[in-house]
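Paired with chain B in one complex and with chain C in the other, chain A is shared by the two complexes that follow.
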Partner chain A sequence: MSSIRQIFEKPWIWAFVAAIGVWIATITFTQGQGAGGVLTAAFSFATFSVIVALGQMMVITLGPGNVDLSIPATMTLAGTVATKVMATQDSMIIFGLLVALGVGLGVGLVNYGLIRLLRIPPIIATLSSSFLFQSAAIWYNRGLRIKPPPLLADFATSTVWGVPVLAIFIIVLSVAIHIALHRTVYGRSVTAIGQNMRAASLAGINVNRVRFLTYILCAVFAALNGFFFSAFSGGAALNMGQTYLLNSIAVVVIGGTSVAGGFANVPGLWGAALFLFLVEAMLNTYGLGAGIRLLLTGLIIVGVITAAGGQKTAR
Partner chain B sequence: MSHAPTADTGESLFARLTSPRVLRSILPAFSLVVILLAIFYLQPRAMSPIGLKLLFNLSVPIALATIAQMFVLCVNDLDLSIGAYVGFVVAVGATMLDGGIAALPALEGMLPDPVPWILTTPISGVIVLAAGIGVYALLGALIYIRDLPSIVVTLGMSFVWAGLAVLVLPTPGGSAPAFVRAVMTLSTPVVPFAIVALVIIAIVVHFGLMRTAYGAVIRGAGGNPRSVARAGWSLLKIKMVSFALAGFFGMLAGLALLGLTTAGDANIAVRYTLLSIAGAILGGSEFVGGRVSPIGAVIGAATLTLANSFLTFLKLNPDFQIGAQGAILIIILALRVLINRAEARR
Partner chain C sequence: MKRVTGIVALAALGASVAAGSAFADTSDKKIALSNNYAGNSWRQAMLRSWEKVTGQAVADGVVAAADAFTTAENQVTEQAAQIQNMILEGYDAIVLNAASPEGLNGAVKEACDAGIIVVSFDGIVTEPCAWRVAVDFKQMGKDEVLYLAEKMPDGGKLLEIRGLAGVFVDDEISSGIHEGVAENAQFEIVGSVHGDWAQDVAQKAVAGILPSLPEDIVAVVTQGGDGYGAAQAFKAAGRDTPLIIMGNREDELKWWKEQKDANGYETMSVSIAPGVSTLAFWVAQQILDGADVPKDLTVPFLRIDQDNLEENLANTEPGGVANTEYSLDDAKKVVDEAKM
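This part shows the complex of A and B:
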């Protein structure tokens, strides 16, 4: 009994409970039809949410005011540059991946450079820089959509027994981040800075280096997501990152990470990402109009955060 | 200037005027003037009353939305739903505020033949808009009582407002009520109405928030909530009041925008969320501590609008327009840092 209670005291459990509830509500409506298909689709799309949310989570954990608004632009830029460099050649996939990661590294450098040198709030720094990256993406490719190399497209869309292959890789990445967060000096430093930056600094943590690494990490993950998402969706589109701006923040917070910083939660990201996709799928299945769908999505997000928020204060 | 400094006070007038404190407070206005001069240089015809009117017109709704955002920033929260909310107001304004419930596109063909007055009275629009402000006040209460992150609550609300706006006005259309159009097309002598409106907004909010006792309490609640609560003020009420004010100014922003465009579109104001945050920050507001500046917010919003026109006049390759907007933001913020550095060196 006590172990069950322990599980229900975890802040991330509610995201999963909500996700399962929404899934059941969907398949009840379809009388069990497409139950597996919905789950596979949910895992495919949740994977992309989780990649960016992992980075966003680390950034948000750094404390109040830390949030990366340049994720959509970074995704677009990395996806655009990588697909153009690969020019649909299978032999160029590794090079394309490296280029995408390089773009992420550059974006992270610019973002943290602005935050550190200009001492502007990260939210404004990443907002202004995102305009630059978006412009660069438009200029680089004139909005042309180049197909990804066939091998990469196959990889990004393939499934094993209904489980997307990419999802397996990202689950492994999530476990790595989870361990890094709780067992490494870097991860503990991120949490410490989020709890009290001054105390962390006095305790000998190199605050600037940790923040620098975190913004780099977030940008690199966004670039990685741009690379895989453009492979998954048949090429990089200029608006491909758009939905990930709000999605990445929502996934992090519904997943049980504290917006005030200092407390991160990796398992919750998966629960929240699945939940948000399943809500959309459910409302689509019900055949509701766009207005009602948006309205219900919003009310469900506010409802979940209100319910989960109380959980946190009780802790 | 009754207390003009004399030479023997040790500091010259020039040194006083170039002190970091003064520089920092005039920086937003300075950026505005520089961009305005740049526009005049590129397009001398903009220097006419009509040119100025066209330049400043769109900054009125953006300034109002920025003021709304500023009231939320003031109590250490952030409103990511303001753009969607402004769109909702535009949708309601173009339908119910003009022709009552009967003007809703969803009801077309379902109305009884002599339409009863209750269905055509614009009072229904007034009630819906007032309810919107009420929802804002309740959000403030919810965020305070449950100690919720405003970012996520308002994120969820952005979907709610967008959904409601689409329900009210599924496709662009409707028409602006006559009085809204009349206000926004007022013509004033010498100085264009838009500029007069901006000045009035800045002065009214400045006096309300910076010069009244309750304004000080609201800002104090952002700076040090505990001490404000100890002094006997209800933090719940403060949160509700500042959110309701945000809802009120957001509503004004929507109506002003509707008056300019004359027809409604639910998605018209999506960009307002980020513009309002950027405008407030450019104008010297900060994310925490109740440090806000209404005059700065209005100037910041005007600067952002003018920056857009400037880039159009520059005939810049459209690929770079968005990027140039980012660059202008960064340059102005960099200037502020230089001033702060100069201050630190003294």
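This part shows the complex of A and C:
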């Protein structure tokens, strides 16, 4: 009994409860048809949400005011540059991946440069840098949509027993981040800075270095997502990152990470990402009008966050 | 490129011969383009078409000037100020793609009172003194179903992909589709999602609803910009690709061409050409010339079919939208049709 109670005290459980509830509500409506198909699709798209949300989570955990708004532009730039460099050649996939990661590294450097050297608040720094990156993507390829190499496209869309292969890789990455967060000096430092930057600094943590690494990490993950998403959807488009800005923040918050910083939660990201996809799928399956769909989406999200938050205060 | 300008020049020449006095009447007139947004490929193509056609018209002496102005932000107040500037600068006609159907009515009225001809297109205004070159979006939606009815007399189940919820255009196209389905009872819409006119959003939405839909979907009715994403979602779900109506985007046409070459895939594609700005230009020129032009005109659709796919694909810029520029004769035809 106590172990069950312990599980329900975890802030991330509610995202999973909500996701499973929504899934059951969907397949009840279709009388079981497509139960597996919906889950496969949910894992395919949740994977992309989770990649960016992992980075966004680390940034948000750094404390109030920390958020990366350049994720969509970074995705677009990395996807555009990588697909052009690979030029549909299977032999160039590794090089393309490295180029994408290099783009992420560059983006992270620019972002933190603006934040640290010019002392611009992160929200403004990443917003303005995102215009630079988006323009760079437009300039680099003028919206030309180059197909990914066939081998890479097959990899990004392949499934094993209904589980997307890419999702398996990202689950492994999530576990790694989870361990890094709780078991390494870097991870503990991020949490400590989010709880109290001054105290963390006085305790001997190199605050600037940790923040620097975190913004780099977030940008590299966004670039990685751009690389895989353009492989998944048949090429990079200029607006491909658009939906990932609010999505990355929503996934982080619904997943049980504190929006005020200082407390991160990796498992919740998966629950939240699956939940957000399944809610849309469910409301589409019900065939409701757009207005009611948006209304219900809002209400359901509020409900889940309240359930999770209510549990926390009771503790 | 050369061919199009050639046609335009020829059309201008033809007009001068046919109308006789056309040169004399508008050669000292100045026309301005007031545009509220330039941030997507459609608007970029619209501006380029304007530049190409009106540049030639100015060089040929049809009009004295045809300057294009775009506001920095997509805002009503800014565009109203822009129109007021145009009044002060003494333009004879303003061709307008409006940020809002009602918000600019005050500024448009001021322009009319100052004796300026205002021709709105695409984003039209409701002020009665202005001309409207409007798109019959409802008919566009209905045409999709009519095409399907001809192609598949037995009918079947349809998936509808809509645009951005809450936008007038989305409601119009969708109501046209539903009207077509109501008149052709052999069709049934079994699912409807919003794709926001973007291929990745459409792909995600279709992937989410597809598992719960029956296997025997015969066609996907769309609004443009979403066809390629739908194709990707069907492929990912391991389903046979049904007939997907396309919306003239280059990635859609390219995909269609690949399928056509591989397995004889057949569909059609319909949208509005960004070059509609040039149609509005010639309409303004005609009004200045003293022609009798009804206030409400309808833009012709740019439709691509199986036999002219290659030609249209070759003329479409990678990542862009299929386009066509209009000539003076096209404008006259549109005006004549409106009079009937």
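Here is the rule we use: the second predicted complex is superposed on the first by the 315 of 315 C-alpha atoms of A that agree within 3 Å, B and C clash if a C-alpha of one lies under 4 Å from a C-alpha of the other, contacts with A are read in each partner's own complex, and residues count from 1 in each chain.
Rule of thumb we're sticking to: contacts are C-beta pairs under 8 Å (C-beta built on N, C-alpha and C of every residue); 3 or more make two chains touch, one makes a residue touch a chain.
If you're wondering where the values come from, they're calculated on a predicted model, not measured in any experiment.
Colleague: Since both structures carry chain A, what do chain B and chain C do when superposed there: clash or fit?
Modeller: Aligned on chain A, chain C clashes with chain B.
Colleague: Which holds for A:119: it touches chain B only (first), chain C only (second), both, or neither?
Modeller: After superposition on chain A, A:119 lies in contact with chain B alone.
Colleague: If you stack the two complexes on chain A, which partner ends up touching A:240: first (chain B), second (chain C), both, or neither?
Modeller: A:240 sits against chain C, while chain B stays out of touch.
Colleague: Regarding the shared-chain residue A:290, is it in contact with chain B (first), chain C (second), both, or neither?
Modeller: So A:290 meets both chain B and chain C here.
Colleague: Of the partners chain B and chain C, which touch A:134 in the superposed model: first, second, both, neither?
Modeller: Only chain B; A:134 stays clear of chain C.
Colleague: Taking the superposition on A as described, I'd like to know which of chain B and chain C A:299 touches: first, second, both or neither.
Modeller: In the superposed model, A:299 contacts chain B only, not chain C.
Colleague: Tell me which partner A:45 touches in the superposition: chain B (first), chain C (second), both or neither.
Modeller: It touches chain C, and chain B stays clear.
Colleague: Touch test for A:37: chain B only (first), chain C only (second), both, or neither?
Modeller: It touches chain C, and chain B stays clear.
Colleague: Now for A:277: first (chain B), second (chain C), both, or neither, which partner does it touch?
Modeller: In the superposed model, A:277 contacts chain C only, not chain B.
Colleague: For A:254, is the partner it touches chain B (first), chain C (second), both, or none of the two (neither)?
Modeller: first
Colleague: For the superposed three-chain arrangement, which chain B stretch in 129-137, 147-155, 165-173 or 273-281 runs into chain C?
Modeller: Given the superposition on chain A, chain B and chain C clash at 165-173.
Colleague: Indicate the residue numbers of chain A shared between its chain B interface and its chain C interface, in ascending order.
Modeller: 142, 290-291, 293-294
Colleague: If we count contacts the way the header does, which residues on chain C are in touch with chain A in the complex?
Modeller: Residues in contact with chain A: 41, 162, 165-166, 191-194, 198-201, 203-205, 207-213, 228-229, 232, 235-237, 250-251, 318-320.
Colleague: Under the definition above, what is the set of chain A residues touching chain B in their complex?
Modeller: Counting only chain A, the residues touching chain B are 64-65, 67, 69, 114, 117-121, 123-124, 127-132, 134-136, 138-139, 142, 246, 249-250, 253-254, 259-260, 289-302, 305-306, 309-310, 312-313.
Colleague: In the complex, go through chain B and note every residue touching chain A.
Modeller: 80, 142, 146-149, 151-153, 155-167, 170, 274, 277-278, 281, 286-288, 317, 319-327, 329-330, 333-334, 337, 340
Colleague: Residue numbers of chain A touching chain C in their complex, please.
Modeller: Result: residues 26-27, 29-30, 33-38, 40-42, 44-45, 141-145, 157, 229, 233-235, 237-240, 242-243, 277-278, 280-281, 284-285, 287, 290-291, 293-294 of chain A touch chain C.
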